[in-house]
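Given below, in the form of structure tokens, are the structures.
Both complexes shown next keep subunit A, but they swap its partner, so subunit B is in the first and subunit C is in the second.
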Partner chain A sequence: MSTVTTPTRAAGGVGVMPDTPGWARWANAHRKWLFAAPAMAFVAVLIVFPLAWTGYLSLTDAEGSVRAESEFVGFRNYLDVLSDTDRFWPAVGRTATFTLAALLFEVVLGMAIALLLWRPFKGEKWVRVAILMPLVATPVAVGMMWRLIFDPNIGLANQVLGWIGIGPQPWLAGQHTALPTTIFIDVWQWTPMVVLILLAGLTSLSDEPQEAALIDGASTWQRFRHVTLPLLMPTVLVAILLRGIDALKTFDILYATKGRGGGSFHEVETLNVYAYGLSFDYNEYGVSSTVLILFFLIIIGSMWALTARRKEAQR
Partner chain B sequence: MRRRSIFGTSLAVVAALGLSACGGGGDDSGASKTVRVTLANHVWTESIKQALPEFEKQTGLKVELTQLGEDQLSDQYNVKLNAGSSDIDVMMYRPLQEGKLFAKNKYLADLSEHVKSSKDWDFDDFQSGPVEATTYEDKTVGVPIITEQEVLYYRKDLLAKAGLSAPPKTLDELKAAAAKIKAAEPGTAGFVARTGKSPAVTQFSSFLYSFGGDFVDDSGKATVNSDAAKQAYAFYGGLIKDAGPANVSTDMGWPEAMAIFTQGKAAFYTEANSLYKNATDPAKSKVADTVGFAPFPAGPAGSKPYNIPSWALGVNDSSENKSNAWKFIEWATGKEQTLALQKAGVPSARTSVWENPEGTAGYPKDLVEAITESGKAGVAHDRPVVVKVAQAREIVGQPIVDAIAGKDAEAAADTANEAFQKFLDDEAR
Partner chain C sequence: MRPRGPYKVFRVVALVVVVLSLTAPLLWMIAASFKTNVDIYDTGKALAFSPTLDNYATVLQQANYVQFIGNSLWVALAATVASLILGVPAAYSMSRFNMRKSALVVLMARVIPGVSLLVPWYYVFSNLKMVGGFGVLILSHMFVSLPLIVYIMMGYFDGLPEELEEAALVDGLTHIGAFRRITLPLSVPGVATAGILSFIFSWNNFMFALVLSDAHTKTLPVAIFDFVGYASIDWGGLMAAATVVTLPIMVIALFVQKYVVSGLTAGATKG
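What follows is the complex of A and B.
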């Protein structure tokens, strides 16, 4: 790098004294790389390397032990997985159902609660604390708690239903009720986060458009539909983006309530649970990596679609 | 140009980190005075923990203990042994669940020399079935510490109330008694057992054998759709569906099933005898006073419960402290310690301990009789003996949950057999 030896050529226009040692001059010239290096090393070690390794594994038939010899099989795993209608595609379906249903309820409920909390009222502080409670609980503990509540024989949920004359429901134990029940738990836990984000958005809105609409005689619904919502749209999309990615990746609640394989009939087996089972129950590292890479692409894809939509909304 | 060089640097950093993590060999160069022992949550572990100071005093070694639940333990082994980590010296593992996989992956050190040279310790004293399960390609890779048979847990009070003087001797009697009690006692199930696709397989196996079936025949062909197997699936699933708890979950392992039994919500329960303390300990069980034990009821082929080593101790092949690890195993599985453990309620694999009256004194009398009975005709495996046990269990367990859910058990058995045969073919390749 002979280009930086003359002081006058020092990058960034910062003057370098003629008696500065060589290494300092070099460091000065490369400081934008130097300062970024720790962060770049971090990203390389903890994100790029694992991802590349997973990508590599997905092209091999690695199984049993990662240290055992494995053969390069090209895209065979991808063909196998994409043609697997037994576990993979149902898992994709469940992941989509879980995410979309949870998102829908969380955004609608979150919006309603945020609107209620928007204007100051007496006891506001306590209500906010109560609403945020589920958010601070650990998901595994939440899963265990709901598992007890929803136990078909000794759980509280069926007891309460009994008081109002409704027969016991299978909840998490039922083949068709397990997924809706886990969606309910997710909604219970994560709606507060949506409330938080939307509330922040609402507070930053200016009052003038509202007042103008009020003077024009707009009803409450009209003001919400045509004034508040359009102004809040970018925030809503942020909430959907953050919550959506999280919901796609949900593992803890599902695993804590239904265990390995998402239950005996794979009732709640999403892609994440499936990939976990492939590596930790079956030791099929190659196939598991394939599922993870496909899952990663799905997340990237949906994130990209949402951000594109967001940019449009901002325009 | 510059961009690439930065990229190169970060790659070099990654490589350096990777290399430093891959160090460590399999010799004793790193022998330390601390033996790192990883154990599962079990009565055995609780008892050995109390005796540890004795070992430390005898040998001058220190024991560093890690204790985990079964599932976490498996995950932990998967991660650490896979990475060739040397921070486990002694490991408690399940010979029938993971033994074949671990041995094949060379995670388990060869202990043949040690077991042969230790005369006082006496390897010949161990029952042959369990020893077979801890042997891989003629090498001893583990020492069995706990044996297990399936027995019938029952409630004496409910039986008396229903006018039954003795526990059922056959599966037909069991079915009739369970139905009778369920009908007479609202809110109480006649029968409970594991229902999860994978956990149920081991406890279902005794039903399968007693109907005259097995998972695989002598020539290695899948046989889970034999007439005997179909009857066994329909019987086990039907018993839970008809006489089991209302709205029964198909995810129950032993903790859930045991909870139903010990909460007083079921009259009969088929389960491994090694878990009996959960039912007889008043601190854990509401029915501690009224629980009884009986040998596994006879089916068309007689009473054929499994008789297996559920846990064994092995040495991590990547350990740098192998000779001290062996010292720990030698002590923990020695005659003296085994007797003490069996007195604490852990059924051992040592013949001498079972022959010693002291060794059986602590057990409920009916349980000892049930165990002795099981020892006679016991089958040495309680799940398909394969490398990928987890998959195999899910395949052969499917008809169980289908039967519980009221689906056609015969059709499910045919489907499962086809899948299982394909699985066996794949594994043989």
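What follows is the complex of A and C.
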């Protein structure tokens, strides 16, 4: 063996035989970047460069046609947007309300359902199928489905309310009920995601701490509060992080249920919907880029805060 | 620790409520797709209606949905295959050489709001006269697929012992040969998970096609809006269209449930 491997090692280490052609030798030696470079280049061209361009556009007065000339205006767009209490700040408020409310319901309900599913039972398979369905359903189709169910005149929702003696509600059509209704739709579709993540976390927990607490005479609630929850906390924070990012960026169900501009009174106009409208309904590319950069900073900021919190929980 | 006594009863009731609230709306949508608009407007006929296939005839024949189904399939498959070709080797490198910073750059794509990419893309691609073509659509959907695939596959490669590759090297394979002949065949479940999830997310994607497609290249989620008129909505047609979009993906998920769940929860339980 040693007579064969010695020249090989000299030629480029294990994994390269003496009869390996030159280009293959080179490829093996540079495989780290050879493998990673195409994907990295794709990301650079399609993501990093556009993002940098968005940053540049936010400092210009680009509008109208994409071929029109635009002028550098410095931070004027930022001053305009940040002092805009008509559309921008209400959109920030709706984004925060939507995200926080959806997250709260999704995490609490998700935890409850995950705990229900934790220990094995008959028919488990079918319950899991049911949980998967909203998750894989096309969000736009889900939006349309709820649009019919929440229709004030012919919808199932008001019919059901009628049976239990409650008057009809305007749901998506009401100026103050539209946002809560879209939050409900988001909760319906994405609570299963939280359930799956928490269930994966619960299954990976060992039984010993539970049994120890049981022997010490801890009640069910005490066991959950002082044993399960602290052990599960890192997973809960992952669920909040993943769901939070997507909830901030919600677009499909809002567009499907309320259309352009988040409805005629902008009832469900979040930052993402606002930025989309500025870009593609009004062609205000400069201002829209400013909104997007601010939106991006909000997302990064919340992620950073959550990741810091997660590191703390793991300590 | 199996549950006992009253909890057992409570648990069954609670599970039934959960299952019903998740599935009933979907079943209602499918039921409505088999109703005439007259029956949809008659709330007394919620369940007692005579089923009709008229809505599906409208969707598939008049509304040209056969073409849109083809568009959606083509875009989702092409984006998934291209992303797998780029993403799997990249994920391998990032896992084996511990390139966490490079990985972070790719994963940033999951965080960036899609609109902020659409504006520059629209600028560039409309100047290249590519808006409305399949090329841009597939590229834009790869922006969804690639990070997802890299994320899932990195976790998968992290869990594959390196010793197997080392043994292959000793047996005379090159590094790339070991990746191709040992690691890849062992990664089939991971690649399947990543591919299935990428297909689902691409099929469901709405915003990119909304901006970058035209009347001939639009995908199903965009085509749904054909049934929402300015003044009135063809509810039967709309529900049939929604069912055509979402039922295939639900059926696929039913059969490959294990992969979908493992992809959705990838990386959620480790530090």
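What we mean here is this: the second predicted complex is superposed on the first by the 279 of 315 C-alpha atoms of A that agree within 3 Å, B and C clash if a C-alpha of one lies under 4 Å from a C-alpha of the other, contacts with A are read in each partner's own complex, and residues count from 1 in each chain.
As a working rule, a residue touches a chain if its C-beta (ideal position, glycine included) is under 8 Å from a C-beta of that chain, and two chains touch if they have at least 3 such contacts.
Just so we're clear, the structure is a prediction, and the values are computed from it rather than from any experiment.
*Asks:* Clash or fit: what happens to subunit B and subunit C when subunit A is overlaid?
*Replies:* clash
*Asks:* Does subunit C touch more residues of subunit A than subunit B does, or is it the other way round?
*Replies:* After superposition, C is the partner touching more of subunit A.
*Asks:* Check the residue A:L148 against both partner chains and state whether it touches subunit B (first), subunit C (second), both, or neither.
*Replies:* After superposing on A, A:L148 lies in contact with subunit C but is clear of subunit B.
*Asks:* Taking the superposition on A as described, I'd like to know which of subunit B and subunit C A:G263 touches: first, second, both or neither.
*Replies:* It touches subunit B, and subunit C stays clear.
*Asks:* Classify the contacts of A:R67 with the two partner chains as first (subunit B alone), second (subunit C alone), both, or neither.
*Replies:* The answer is both, since A:R67 touches subunit B and subunit C.
*Asks:* If we overlay the two complexes on their shared chain A, which of subunit B and subunit C does A:F49 touch? Say first, second, both or neither.
*Replies:* Both partners, subunit B and subunit C.
*Asks:* Once the shared chain is lined up, is A:P209 touching subunit B (first), subunit C (second), both, or neither of them?
*Replies:* In the superposition, A:P209 touches no partner, neither subunit B nor subunit C.
*Asks:* Is A:P90 touching anything from subunit B or subunit C once the two structures are fitted on A? First, second, both or neither.
*Replies:* After superposing on A, A:P90 lies clear of both subunit B and subunit C.
*Asks:* Should A:F121 be classified as contacting the first partner (subunit B), the second (subunit C), both, or neither?
*Replies:* Touch partner of A:F121: subunit C, not subunit B.
*Asks:* Pick one for A:F280: touches subunit B only (first), subunit C only (second), both, or neither.
*Replies:* Touch partners of A:F280: subunit B and subunit C.
*Asks:* For A:L172, using the defined touch cut-off, is the partner it touches subunit B, subunit C, both, or neither? Pick first, second, both or neither.
*Replies:* first
*Asks:* In the combined picture, which part of subunit B sits where subunit C already is, 254-262, 272-280 or 290-298?
*Replies:* Of the stretches 254-262, 272-280 or 290-298 of subunit B, only 254-262 runs into subunit C after superposition.
*Asks:* Check subunit A for residues that touch subunit B in one structure and subunit C in the other, and list them.
*Replies:* 33, 40, 48-49, 66-67, 154, 259, 279-280
*Asks:* Over in the complex, which subunit B residues touch subunit A? Could you list them?
*Replies:* 2, 6, 9-11, 13-14, 17, 71, 74-75, 78, 81-84, 101, 104-107, 195-198, 245-251, 253, 260, 263, 265, 387-388, 390-391, 394, 397, 401, 405
*Asks:* In the complex, go through subunit C and note every residue touching subunit A.
*Replies:* Residue positions touching the partner: 1-3, 11, 14-15, 18-19, 21-23, 25-26, 28-29, 32, 40-41, 43, 46, 86-87, 89-90, 92-94, 96-97, 99, 102, 105-106, 108-123, 126-127, 139, 142-143, 146, 150, 166, 169-170, 172-179, 200, 203-204, 206-207, 210-211, 220-221, 224, 228, 235, 238-239, 241-243, 245-246, 249-250, 252-254, 257, 260-261, 264-265, 267-269, 271.
*Asks:* What part of subunit A is in contact with subunit C in the complex they form?
*Replies:* 14-17, 20, 24, 27-28, 31-36, 38-40, 42-43, 46-51, 53-54, 57, 66-67, 113, 116-117, 119, 121, 126-142, 144-146, 148-149, 154, 156, 159, 188, 192-193, 196-197, 199-201, 204, 207, 210-211, 214, 234-235, 238-239, 242, 245, 249, 251-252, 255-256, 259, 272, 275-276, 279-280, 285, 288-289, 292-293, 295-296, 299-300, 303, 314
*Asks:* In the complex, go through subunit A and note every residue touching subunit B.
*Replies:* So the residues of subunit A in touch with subunit B come to 33, 37, 40-41, 44-45, 48-49, 64-68, 151-154, 168-170, 172-175, 258-261, 263-265, 279-283.
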